[in-house]
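Here come two complexes built around chain A, the first alongside chain B, the second alongside chain C.
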Partner chain A sequence: MKLRQGQFSFLPDLTDDDIRTQAQYAIDNGWAVSVEYTDDPHPRNVYWEMWGHPMFDNKDAAAVVFEVNECRKEHGSKYIRVLAFDATHGWESIRMMFIVNRPTEEPGFRVVRQEVEGRNMRYTIESYAAREPEGARY
Partner chain B sequence: MTDDRTLPTSKRPETVDLAASFEQSGVREILAELDDSMIGLAPVKQRIKETAALLLVDKARRQMGLATETPTLHMSFTGNPGTGKTTVALKMADLLRRLGYVRKGHLVTVTRDDLVGQYIGHTAPKTKEVLKKAMGGVLFIDEAYYLYRPENERDYGQEAIEILLQVMENNRDDLVVILAGYGDRMDRFFEANPGFRSRIAHHIEFPDYSDDELFDISEIMLNEQNYAFDPAAREAMAEYVSLRRDQSHFANARSIRNALDRARLRQANRLFNEAGGPVDAKMLSTITEADLRVSRVFQGGLDSDSKDQARQSAQRGAQ
Partner chain C sequence: MKDEVRTETDLKKRYSAGVMKYANMGYWEPDYQPKDTDVLTMFRITPQDGVDAIEAAAAVAGESSTATWTVVWTDRLTACEKYRAKAYRVDPVPNSPGEYFAYIAYDLDLFEPGSISNLTASIIGNVFGFKPLKALRLEDMRFPVAYVKTFQGPATGIVVERERLNAYGRPLLGATVKPKLGLSGRNYGRVVYEALAGGLDFTKDDENINSQPFMHWRDRFLYCMEAVNRASAATGEVKGTYLNVTAGTMEEMYERAEFAKSLGSVIIMIDLVIGYTAIQSMAKWARANDMILHLHRAGHSTYTRQRSHGVSFRVIAKWMRLAGVDHLHAGTVVGKLEGDPATTKGYYDIFREEYNPTALENGIFFDQDWASLNKMMPVASGGIHAGQMHQLLTYLGEDVVLQFGGGTIGHPHGIQAGATANRVALEAMVFARNSGRDIWNEGEDILRDAARTCTPLKQALDTWKGVTFDYASTDAPDFAPTPEVSM
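Take a look at the complex of A and B:
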């Protein structure tokens, strides 16, 4: 099951050129671009591992593609995303976020049902991958 | 890179008008600007013109589908201090951007300190950070030979060199590296690092300025700041240039700039002390002979001065 999170996730996977174009758009808007990775694809897992610092003074998106490829070398079997942070007053938040790398096999999520007081049901989802310990997921 | 690099066969033009693309890309302006704003340096200008022609032709060939590889654009600028290497590098970055060989055309100037780390594992991230900043533009490494220190085999400079070489080769589309430094030391650096030599296509040598050229430079520098020499000062300046050349720490145009800065200082001091009444614009912007003649250069140079200082500090020590 393909993970659909962030921008462009219903499109075919982005090529390096696509990544460059999108990152350049962010840079031209003055947003700081950064690269992050994780092996826990739960949608509420917002804190991914940072791959280096956000790139504040890079003028060209080639550096972003370079870092994405460096990250792929080490974490090629995990999810990698590119973020663009807008620091202007009033925004101060992520303006762009898209996945640029995903594991070859994505087992997807299961629904967990919990029976609580009065035969009420609680539902949650759990990634099949996350049942394995960290580092052994993909 | 620009979109015209990979035109499909059907869209390739039959002919390319080199003169038109020379005009359109704005290369002509840059070359004209280079000619106007920089005195002397005839061989450098010639080389840059040749390089520009080569790149224009290469671009045309790519549009016609005759060439696909990005040519090697890394360069080395060798020459004595103050011969205009950094200034020309700035122009070069602009030129490359107009020709579409780099996307942004900014110049990132670094020295050994910016590339080499202080402890194990510090160098690689530091060098990569600098390289990333320079992507889409030109990385100018001043005094590049300091990267290589043969006397210390555990020097981290070697690590920076390896990363540089790797990126120079693999990311040729993304950045252009210009190494700069004094001629003889750069030669030794290239001998010790054959990897660099083979990856650098353009070696440009910057000759020293002649006395006349340095004098012209001094006049231009003054004019830019709305100052002028009076006739006697002009003679003094010409004399200063020829005397200064034979003294230690001579750095071509940079020495001239420093001399002018000091002359302005003395001029301000003189006006302050001498002028009884109001001063007019002409007085405020005229450098006279007296402002120049006080210079140590006319009294035998900096060496005599350092002896003075040594004596003074010895006296202070005795007290």
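Take a look at the complex of A and C:
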């Protein structure tokens, strides 16, 4: 299983140069780039851990690549993503999001079905890895 | 155009019984300065032979506000000056003899707050069959901020839709399940699963999929949600399928919407043919229930397509943004359905911008401030495929749902392969654009490069190579684009 979240998860893994180019696109648009990591890749896990604050005043995407690699040193067995925040009125949210690091093994998710009244069903999606405690998942 | 026709100022003459020209009754005011609080309209009028254009414009103003065919003394019991709509400008249409653009202003008090039905009953309720006109088309409207603020607007909006889906920085991908009629619920869900697992964000019921003998609605909802959840687990993404809740009564629509919610669907769908009040009701329901609301514009071409008569789609788009839907089909430019590039750009701007400046070359005749109303996601569907990705991204931008129905399900190696081809083509094109490449000119190279590591994309490109729908548009703008704004 390959986690398909983000803008580029159907492309071959991004190189550091690819990351720099995409981050520079964000910076040139006036967006603040940030790095986040997690070992709980549930599609509705909104809040990955922040690797520092969004880099609001950074003009050079090389600094983003540097932070990605620093993050990899500590969390290289987890998922790492790059985000771009747009503070423009009327948006004030994320403009870009792409995964730049993933575990070597991605066990994926199971669907838990709770059969309720009639033929109704309550669905839950559960990460196989996240059954283990935080820090012991990948 | 101006002429000597003037409102009769001698009140005794003005209100003596009998028939009087509309232009003399006060519906033609060439010196009128529209107020910021007025609702403005622009109609294309084609008067019958021998009918003066200004009198025709005044008649449209009259019949869409206070007038009837004869003078009535009961006008004098009211502040009738205020309630009369005022035609204030009439221009000949460029290159179209016999057609005129008529600008009309309406006082805000003529309209009930927050009701598209009331607005449209006034503006298009009575005038379109008016005998002195050969044809009439409502081209554009301007709503004052005070009136915009009486509407909820899109239940979710583009930004929150993306936050809920956890999908940023690229167009969303969808497909309409085909064949649209005849599949059983179980088989239907199979198509949903394959398309979503292959890489699409959404699948979609078609406009006429409601509850028929071959598939009743509960069955469809149950199988579709099994497919959605399986696909979500297979990819780790949030997935959705537009469950069409269109039904014969509001009670049934609410029942279907509630069931979709209980199964965990992120999105439901309605058809334009349910009517404006029903659309507004469902928009309120969607806001109250954290649901994205997709609107299929079923039936619109009956009145939007012909240039001389009906209602322009840009007006329908404005009404729907006020009414509060999140998704609405708006054309593809390159696909099989009607859509000139400049006109389509005008529609997309109405959906997605906070402020629309007048842009005659895109068919936008008024400045429109949307007063922070949510943005509406345009949906492009009908005869598009992966090989057009560079054109689609250039014309339509990033905040759009690209729907490849045939272009997914018709893939020679199956639905998942079709979906993957589309997703890879999309991601490769966004990646290339962000990297500074000229996707308009290098698009085919970019796709071919991406196909080297993606066999399904190679098969898609080979299958639909050179498929285009290159017909002249029946609804192009009347004003030629200037070089600075042409695309």
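Here is the rule we go by: the second predicted complex is superposed on the first by the 135 of 138 C-alpha atoms of A that agree within 3 Å, B and C clash if a C-alpha of one lies under 4 Å from a C-alpha of the other, contacts with A are read in each partner's own complex, and residues count from 1 in each chain.
By our rule, a residue touches a chain if its C-beta (ideal position, glycine included) is under 8 Å from a C-beta of that chain, and two chains touch if they have at least 3 such contacts.
If you're wondering where the values come from, they're calculated on a predicted model, not measured in any experiment.
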Three-chain arrangement built on chain A, chain B and chain C clash or fit: fit
Vertex chain A; arms to chain B and chain C (CA centroids, nearest 10 degrees): 100
Broader residue contact with chain A after superposition on the shared chain, chain B or chain C: C
First (chain B), second (chain C), both or neither touched by A:P43: second
Partner chain(s) touched by A:E67 [first = chain B, second = chain C, both, neither]: first
First (chain B), second (chain C), both or neither touched by A:E92: second
Partner chain(s) touched by A:E134 [first = chain B, second = chain C, both, neither]: neither
Partner chain(s) touched by A:N58 [first = chain B, second = chain C, both, neither]: first
Touched partner set for A:E117, first chain B, second chain C, both or neither: neither
Overlay on chain A, chain C to chain B nearest C-alpha distance, Å: 13
Set intersection of chain A contacts, chain C complex versus chain B complex: none
Residues of chain C touching chain A in the complex: 159, 162-163, 166, 168-170, 199, 218, 222, 225-226, 229-230, 232-238, 262-264, 354, 372, 375, 420, 423-424, 427-428, 430-431, 434-436, 450, 453-454
Touching residues (chain side chain A, partner chain B) in the complex: 52, 55, 57-63, 66-67
Chain B to chain A touching residues, read off their complex: 103-104, 106, 125, 131-133, 135-137, 171, 173-175
For the chain A and chain C complex, residues of the former touching the latter: 1, 3-5, 7-12, 18, 21-22, 25, 41-44, 46, 83-84, 89-98, 108-111, 119-123, 125
